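I'd like to ask some things about the structure below.
Chain naming follows the written order as A, B, C and D, and within any one chain the residues start at number 1.
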Amino acid sequence: MASAAVLGAGGYLGGELLRLLSNHPSLSVTSAVSKSHAGQSIRQVHPNLEAFPDVILAADAAHVDADVAFLAQPAGEAMQTVPSLLQRGIRAVDLGPDYRLPDPNEYARVYGRPHADPDHLAEAAYGLPELFRDSIRRARLVANPGCYPTASLLAIAPLLEKGMITGPVIVDAKSGTSGAGHDPSPSTHHPEAALTVWPYGAPEHRHVPEMRAAIARTGAATPPIVFVPHLVPLVRGILCSVYPTPLSSDRSRWADVLESRYRDSPFVRVGAVPRLPWALGTNRCYLSVQQAGDAPVVFSAIDNLGKGGAAQAIQNANLLMGWPETTGLDRPGFGV
Amino acid sequence: MASAAVLGAGGYLGGELLRLLSNHPSLSVTSAVSKSHAGQSIRQVHPNLEAFPDVILAADAAHVDADVAFLAQPAGEAMQTVPSLLQRGIRAVDLGPDYRLPDPNEYARVYGRPHADPDHLAEAAYGLPELFRDSIRRARLVANPGCYPTASLLAIAPLLEKGMITGPVIVDAKSGTSGAGHDPSPSTHHPEAALTVWPYGAPEHRHVPEMRAAIARTGAATPPIVFVPHLVPLVRGILCSVYPTPLSSDRSRWADVLESRYRDSPFVRVGAVPRLPWALGTNRCYLSVQQAGDAPVVFSAIDNLGKGGAAQAIQNANLLMGWPETTGLDRPGFGV
Amino acid sequence: MASAAVLGAGGYLGGELLRLLSNHPSLSVTSAVSKSHAGQSIRQVHPNLEAFPDVILAADAAHVDADVAFLAQPAGEAMQTVPSLLQRGIRAVDLGPDYRLPDPNEYARVYGRPHADPDHLAEAAYGLPELFRDSIRRARLVANPGCYPTASLLAIAPLLEKGMITGPVIVDAKSGTSGAGHDPSPSTHHPEAALTVWPYGAPEHRHVPEMRAAIARTGAATPPIVFVPHLVPLVRGILCSVYPTPLSSDRSRWADVLESRYRDSPFVRVGAVPRLPWALGTNRCYLSVQQAGDAPVVFSAIDNLGKGGAAQAIQNANLLMGWPETTGLDRPGFGV
Amino acid sequence: MASAAVLGAGGYLGGELLRLLSNHPSLSVTSAVSKSHAGQSIRQVHPNLEAFPDVILAADAAHVDADVAFLAQPAGEAMQTVPSLLQRGIRAVDLGPDYRLPDPNEYARVYGRPHADPDHLAEAAYGLPELFRDSIRRARLVANPGCYPTASLLAIAPLLEKGMITGPVIVDAKSGTSGAGHDPSPSTHHPEAALTVWPYGAPEHRHVPEMRAAIARTGAATPPIVFVPHLVPLVRGILCSVYPTPLSSDRSRWADVLESRYRDSPFVRVGAVPRLPWALGTNRCYLSVQQAGDAPVVFSAIDNLGKGGAAQAIQNANLLMGWPETTGLDRPGFGV
């Protein structure tokens, strides 16, 4: 049994990590860190995990000792912590944005501050296993992708690799509110969020530079990406509707490309139009190619806290540790 | 055309007051006050009211001049403002709790501070027109009831008056989240509120002393009230399920008592089990008496921002001004 | 007071027509027709309309006599009824699809049956007043647009007229479930609809030929339209996110074009990103132009039963009758 | 590995049984039956179960061979099938109502038809393991409780056993819509269900006689039960608010009684006010005793398809087979 640490254990991603790890056959949570809940036990903070081993949350990561650490902290914190973890021989999966943009200048442009750990930035693997499995296996630091890039890239990367998309790509994303995290805010206040569809992120969501960087890693040419996220009145789940241009009549060939690309990827399925509950609590991504007028459209469905967060982080940890990537992630989602 | 002022114009009740007043044939909004939005116009703060006269929000009520003022402020503010309004000859309808408990000692017990304006407290009419129409007509200050007391009292007061309830009354209330107001909070954070039913208010919600005081005003004996409010994933609407004890087999007599009590009350209807959209945006209360096993149960449905707030405040203002109580309140709710 | 008849009075559009007409100052509902509710009164079928005149629903339109008739029936029924209405001198606003495609061959292609009334098909005005006000004023038969075409065309027609869009237009529409009508179906079964976003309509929704025909009526060139409707867990409301190609950097010019085009249209507003409650129960359309990466995106928000249905039908009837188009439609939507 | 059959595999309970069984370490689904989906594979009917063994659904149970059969069929079907299953040595857990009322006369009164299998009716154990664990262990036929009785009885039975409730019990239940099953109906049509709280079941829901019979099995006196179920806009989850009379001041003693009663029951927890996501997809029941005015109130939260259906059925099967009752049921619910 290897040991795991969860940093940022009080938030939604932290809670989902702990939930999934509670049934992992090879990883045992031995330490957890949360500034705001230091001194409480995991079961006090997450009453749904009441059968969980009684780990007490620490205020910081100074005394964390584990085989692998999951960092689910606010942007900017991981790059302060990772150097020390790596130095102590702890593998790290960062669920935040700190290590997703390989270029420190691009990081500074997007986040408005210099990167605190440029050395490891260059070293970090981008943790989308279906595209970058080999580099993750060799890494000791993985940048877990954002939820939107996960859903979007799984839909478009294979088509870009095959040169089947040559113009701008439009991604219209619909997301549940848990992606906004644990802290109350006006746009996720229930009376404001429950009866509308809220497009946000103009002029450019931070996930767009991440998508561009990830596409560049595949070696494909990077098309212009028009990405508009919308909050919909769901808690969990993202559906991306992807409209590549120019229009094309290759629906079945597109489906073939996706199916063949993911033949050996157990968590991605290509088929009928998906329902979001199928992905709930899982590491699954459901893709579907449909015809809309003169163009094929690709739909991509994930749980933003699952494949878009905690479950994918565990898939990455499995690869880091040399285990089958499905370890501890074999539960199906809901029918309803 | 009489003039109206809205104090607390930036919140949900303030916005609903302005929305309803925008079509009132005899009242025109000539001033509005909002600490947090001072200097903005109404249409900037409430974009749904874009056809509205362009009143600029003031920071305080010092220069308000109007025939009637609506106070939709946080608890404790109205009792600072009302004395000056009344002195300047402005009638006042307070949508907050400051003038609902006629006994200053009870006020101090429930709210943990002395009442700042005990003189007017004794004078204020309790603004549930279906029960206290005459005293409202004679008043210059009206305490608009809370949303839960409105729905509960309309269901139980006539039965108490007739002596048909002699034991404890259990009120299980289900409310949308807009009742919690405009400010984000953990319990109304969408991811927390959207997938659960949340009972709160233990051990005693502040609306219980208000109900007791209102029943005492009717002259009926006050029974023990077990009141449990639950947040449900709706934005607007309250359904109260009222279980009087001891059990009784008088369903049809109960329905008769309610129907006859409200024969001349245009906003209360007794009939089939209601749907909340019927009440949406209106001053209506829908009552229904159904049999559940050995007991009649009374269901009461309102819009918490409508009959439970802004619409009832306008009904009270109509009475204060000597107009028909339905003035400006004749629009039906939604079918769906 | 002119008289109105509502055919198809039992459905959601019929109910919304009756609700809005109940406060119309110049139109009085004197007859109503519903096959499935014949013999019942309006208030029995629509309990939210309990203050409504007590019209009894007829089984068919044979004896309808009115100045204007609203037809809110299933596809294929209006074209059986309209000839007789017009012959009896009754103006007609059809809320169904029968008269929206001016070419009977296109109608036959899309609906799989010949048109039963091709003579009047050619005569019918297309009832989007903001684009075709003059032809509606001169008509005696108006084809009220579909909900999706209303939201989409208001966003794109002015840009097409000005030649600012030259390539394909992608419309990603998110709709509440009331658009599917009153009859239960698997895709609107609450457990299936409440926790997902459901793209449907592949390969071509019937509203696409309608949009093409409407654009042709404006004289502009018709671009390829990629239209994907999605059911979201709302009851009322449509948000269309419109992505015109090729990408452009003209965001502020686009906003200017829209604003100037609708300067004299009281129901269309161009401004900040809208919230759907603002449009609820109203005839409003809220447009917003935002930048997303390299492209301007247009958002268009309506109530599918309001501007997308019953309210626009009343706007059309107002024009047919020579009244101000805002008559009876002046209530604002909700803030929350 | 023992073998399991699922009858009624196409519905929501059938799907949840298959989902949970897909990770059961000791039970393998070897046959499945569905009239309406005969000839399809499980993964065709339930796309969320795509990693599942490829069992083809049969049209009837004639050739079912298994160690244990789960019957998730419409009322009235199980009593036709159970005799043959038992004769063939197959243990049976019936998730429908056929074997819940031990008295065939009471069955006939409640369901309006004679019972087709009165012999086994007397023999069936009532499958609420926390109350009747021993009799389930000895049985070959288990009547799995209804969702409402599960939540209600776990809250009140221990208090009745200790004589702490002597008068009528009021149960105000709030349920998600999945409890109504897979078939569309007017009350679960999304536009009707999403914006209201709908009390139903008057004058007596069929679950009330079931509760009375279950209480009688415990040996406690059966109080009058006033039970009102309400549909709330959730898909999964039941919260019961239980108000026992007469009022009492024994809140902490009540909590003690419940805690002590369930000390050895791994699936029942007594503590803070629960959130429904904690129970989602699990066999957990969360109880909480709170003070409301003069009375303790008990809240009980379950997933109606989990502890209120499929998960409890597997708990019962575990007992039938002599395994630890937690086998295959150890996953925690969601935090959010």
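By definition in this document, a residue touches a chain if its C-beta (ideal position, glycine included) is under 8 Å from a C-beta of that chain, and two chains touch if they have at least 3 such contacts.
Predicted model, so just to flag it, every value in this text is computed and none were measured.
Peer 1: For the interface formed by C-D, which of the candidate pairs A-D, A-B or B-D is equivalent, sharing more than half of the contact pairs by residue number?
Peer 2: Of the listed pairs A-D, A-B or B-D, the one copying the C-D interface is A-B.
Peer 1: Between A-C and B-C, which chain pair is linked by more C-beta pairs in contact?
Peer 2: Between A-C and B-C, the larger count of C-beta pairs in contact belongs to A-C.
Peer 1: By mean C-alpha coordinates, which chain is most distant from chain A?
Peer 2: Farthest chain from chain A, going by C-alpha centroids: B.
Peer 1: Centroid from C-alpha atoms only, then distance chain A to chain C, rounded to Å. What do you get?
Peer 2: 40
Peer 1: Which integer distance in Å separates the CA centroid of chain A from that of chain B?
Peer 2: Computed from C-alpha means, the inter-chain centre distance equals 46 Å.
Peer 1: Mind checking the centre-to-centre distance between chain B and chain C? Centres are C-alpha means, answer in whole Å.
Peer 2: Here chain B and chain C have centroids separated by 36 Å.
Peer 1: Of all residues in chain B, which are in touch with two or more distinct other chains?
Peer 2: In chain B, residues 12, 178, 191, 195, 233-235, 275, 277, 336 touch at least two other chains, as defined above.
Peer 1: So in the complex, the part of chain A that touches chain B is made up of which residues?
Peer 2: Its residues touching chain B are 12, 176-178, 180, 182-186, 188-191, 193-195, 233-235.
Peer 1: Using the touch definition from the top, list the residues of chain D that touch chain B in their complex.
Peer 2: Residues of chain D touching chain B: 167-168, 170, 172, 174, 191-192, 195-204, 208, 224-228, 230, 232-234, 237, 239, 241, 243, 245-247, 273, 275-277, 280, 290-295, 297, 299, 336.
Peer 1: Going by the contact rule at the top, pick out the chain C residues touching chain B in the complex.
Peer 2: Spelled out, the residues of chain C in touch with chain B are 12, 15-16, 19, 22-23, 46-52, 178, 235-236, 266, 269, 271-272, 274-275, 277-278, 281, 305, 330-336.
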